[in-house]
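Order of writing sets the labels: A, B, C, D, E and F. Residues in every chain begin at 1.
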Amino acid sequence: MKAMFPGSFHPPTLGHMDIIRRAAGMFEKLYVAILINQEKQYLISADARKAMFEKCLGDLDNVEVVTGTGLTVDLARQLGCDFLVRGVRDASDYAYELKLADINRTLSGVDTLFLPARPEISSVASSIVMDIARHGGDISPFVPTEIKDDILSAIK
Amino acid sequence: MKAMFPGSFHPPTLGHMDIIRRAAGMFEKLYVAILINQEKQYLISADARKAMFEKCLGDLDNVEVVTGTGLTVDLARQLGCDFLVRGVRDASDYAYELKLADINRTLSGVDTLFLPARPEISSVASSIVMDIARHGGDISPFVPTEIKDDILSAIK
Amino acid sequence: MKAMFPGSFHPPTLGHMDIIRRAAGMFEKLYVAILINQEKQYLISADARKAMFEKCLGDLDNVEVVTGTGLTVDLARQLGCDFLVRGVRDASDYAYELKLADINRTLSGVDTLFLPARPEISSVASSIVMDIARHGGDISPFVPTEIKDDILSAIK
Amino acid sequence: MKAMFPGSFHPPTLGHMDIIRRAAGMFEKLYVAILINQEKQYLISADARKAMFEKCLGDLDNVEVVTGTGLTVDLARQLGCDFLVRGVRDASDYAYELKLADINRTLSGVDTLFLPARPEISSVASSIVMDIARHGGDISPFVPTEIKDDILSAIK
Amino acid sequence: MKAMFPGSFHPPTLGHMDIIRRAAGMFEKLYVAILINQEKQYLISADARKAMFEKCLGDLDNVEVVTGTGLTVDLARQLGCDFLVRGVRDASDYAYELKLADINRTLSGVDTLFLPARPEISSVASSIVMDIARHGGDISPFVPTEIKDDILSAIK
Amino acid sequence: MKAMFPGSFHPPTLGHMDIIRRAAGMFEKLYVAILINQEKQYLISADARKAMFEKCLGDLDNVEVVTGTGLTVDLARQLGCDFLVRGVRDASDYAYELKLADINRTLSGVDTLFLPARPEISSVASSIVMDIARHGGDISPFVPTEIKDDILSAIK
């Protein structure tokens, strides 16, 4: 069984790492897919985000980081994945994810499973990390130690 | 009793059509009102969206499609409508709609009634349809057959 | 068009009266249906609740109060109603009502429309009124003046 | 990887069957665990519910139905399961399930993954099925054909 | 300024202790009020719960534990409190608490302020602690060490 | 005890004034902090918003209006505040605020308390007021009388 964990991961957070480690234990192969919206501009390039993940996840043999454009489910099918994995922080996240999962299953037959965020990191979101970093706040409690400086350098 | 079903309908979806058909059975006259936000740019013009509705709703004698700018309730009053009709997909939609309904009643005395989306199409939203179409995905499960090609042409 | 407003109304509140008055303006005929769950015991009998409604709604010619057992949609069909009307106080109410509406449409084809509670009385619920009354609190802000003493007498 | 799908399943519904079939494709072994709350009385015995599942799931070689008392996570550990599987119908379900999942992980290290209910059956709940059945309504749209009569017999 | 933290606290949890310590820093005097619903039976007596709080909160000079029957706001007024304090674990808790706060302000003028539960203990609820304890599970992660054995003795 | 009520207040509404008056009764000193996002453009300058507040709050001796850039918690610490105060309109607001409160406590130790919006003004939001004003609607029910004309002048 192969699965894909899609997102923009701008930047990766402790929450993402936790979902990846838990999901990696469930599937033969887990792709972490950095989806690129070509209408957006990113402070941290997709390649830089890919490198950040690889720095943190080197010990997980069955995890591979890829980048892609286009529809999430098209990439999932290309990679032979029957499942998408999504972390869910709270019920309002879930309301949104539920609709997306249904659309994705209708489009492609690819199913989605959800892993609940661990409560102690359930408030962390990439957008908040970016906001804190831009204002000179301390992002240490929210991102992996290995990539903290990479994030700070990238947004300068 | 006259009612108005306001929205941006960019583009019309199966969800919109379902609400219109159900509401048309409740009121003497139902206006479908395409509201134009003059600060936004639309890939599909309001007139094109109007034409899409008319293609699908020709069998409903008491439904009329109009376009308008300005406040929703001002248009409702001009058209002699005492009620707004809104489709609601889930509880998070409702949280937003509830506040809007209250503001609208305070501004104008126009009341709002809600029809729940049918579950099998409750995940469909115009913004998602646009996103799928732009990435070359199949929008057939989400929009009326009659206007599928019109939508695809409009966004090219 | 006929509609039915079902509930246990134990006791009727200002919230119920507001929904009834707004819905009565939309339909040719509105039935207020006091549904009796035969496994429950009620401090206020269904007939007493019916009398309370009639005391408050005498000026509305197209409203009739009935009592019933069994499934809500069976009663609706017997009365020739195509619509159920429900008041919704907030998004958590709606999450519950949405599922019920879907079940009811599947069972019978009877559709449900929702009216949002007016914010200034959106916190009122029959169960809270009963709780306040039993502890000697003042229920005046929550129920129609005409039936306040009837409620207090009934629960002694 | 083994997983457990716990519940009271009183009675099993189409929603449960859908979750089981989707989860069975993800795990080497899936236990469907009928948890018995010894302070409750059940109209349908746990053994009868077990028989109902077995009637419907005979084609799934890696699914086994068990009954148990006590804490869900204790049973999961006895069965060698690292994951609980739960179906989630909407955001209000999720709010509850999220807290339970966290408690269960704290108690035992057993993780929980969520599968979203398919929209067209997302309003179905065992308690509503029981309510409809008791009032002589038609439960066919909500339960597997094979066990419809078993359910109706059991609650007479 | 005096405030009251009302609840049933059956039993007290780490979540309650956290709210009390944070609220005690905001007010001159904080009453922890164990409200007794005379229609319920409690496995742990109100006096036993009061003793549990006193065991844990001895270092807080401005906190006093009381028991009461009747309406929460009546007790608050008797004690000279202008504010109720409530801990809120998540949005679904809040939906309920918001309505209660509004009813209480209408009844008495007493205002309510909310403190968010700390995420790492936001899944803990008294009812779940009781459930775990009754099934022989380990309640240590959810209740203060000082009262763990008192809780276990009380429910035997 | 000092507290800070942060926001963009673009423009101030009756909802903000209500929260300020209630919070001012709880703390020795309350700062109303207009936070400036330097990436946004504002129709009403921060100084103009400050002047609007001062026009309405002159009778409250312990309230001071300040403007700031940067992280909310940095400003709170500079001003010696241990608490942030936030008004919460409904459960979906709360879901967002809860995560922010947790992030802020992690960053700085500054705690957040929530006051529920009064129901009769709980639908009012600055963004809706701006939208109504721009379309020539009547904003009187939503903003303090003293500043209505200032708002209308500012956005012309």
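Criterion: contacts are C-beta pairs under 8 Å (C-beta built on N, C-alpha and C of every residue); 3 or more make two chains touch, one makes a residue touch a chain.
Every value quoted in this text rests on a predicted model; they were computed, and no experiment measured them.
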item: Neighbouring chains shared between chain A and chain B, ordered by label; value: D, F
item: Fraction-based call for chain D against chain B, same above half, different below; value: same
item: Degree value of the rotation bringing chain B onto chain C, based on Cα positions, nearest 5; value: 180
item: C-E compared against A-D, more contacting pairs; value: A-D
item: Chain pair repeating A-F, as identified from A-B, B-D or B-C when over half of the contact pairs by residue number coincide; value: A-B
item: Chain D and chain F, separation of their C-alpha mean positions in angstrom; value: 47
item: Chain centre separation (chain B, chain F; CA means) in Å; value: 34
item: Distance between the centres, which are taken as Cα means, of chain F and chain C, whole angstrom; value: 38
item: Multi-chain contact residues (two or more partners), chain D; value: 90-92, 95, 98, 102, 119, 122-123
item: Chains grouped in pairs wherever the two touch, ordered by label; value: A-B, A-D, A-E, A-F, B-C, B-D, B-F, C-D, C-E, C-F, D-E, E-F
item: In the complex with chain E, residue positions of chain A that touch it; value: 90-92, 119-120, 122-123
item: In the complex, chain B residues that touch chain A; value: 89-92, 122-125, 128, 132, 135-138, 141-142
item: Interface residues, chain C side, partner chain B - complex; value: 1, 22, 25-26, 82-83, 88, 90-92, 94-95, 97-98, 101-102, 105, 111-116, 118-119
item: Complex contact set, residues of chain F against chain A; value: 70-71, 73-74, 92, 95-96, 98-100, 102-103, 106-107
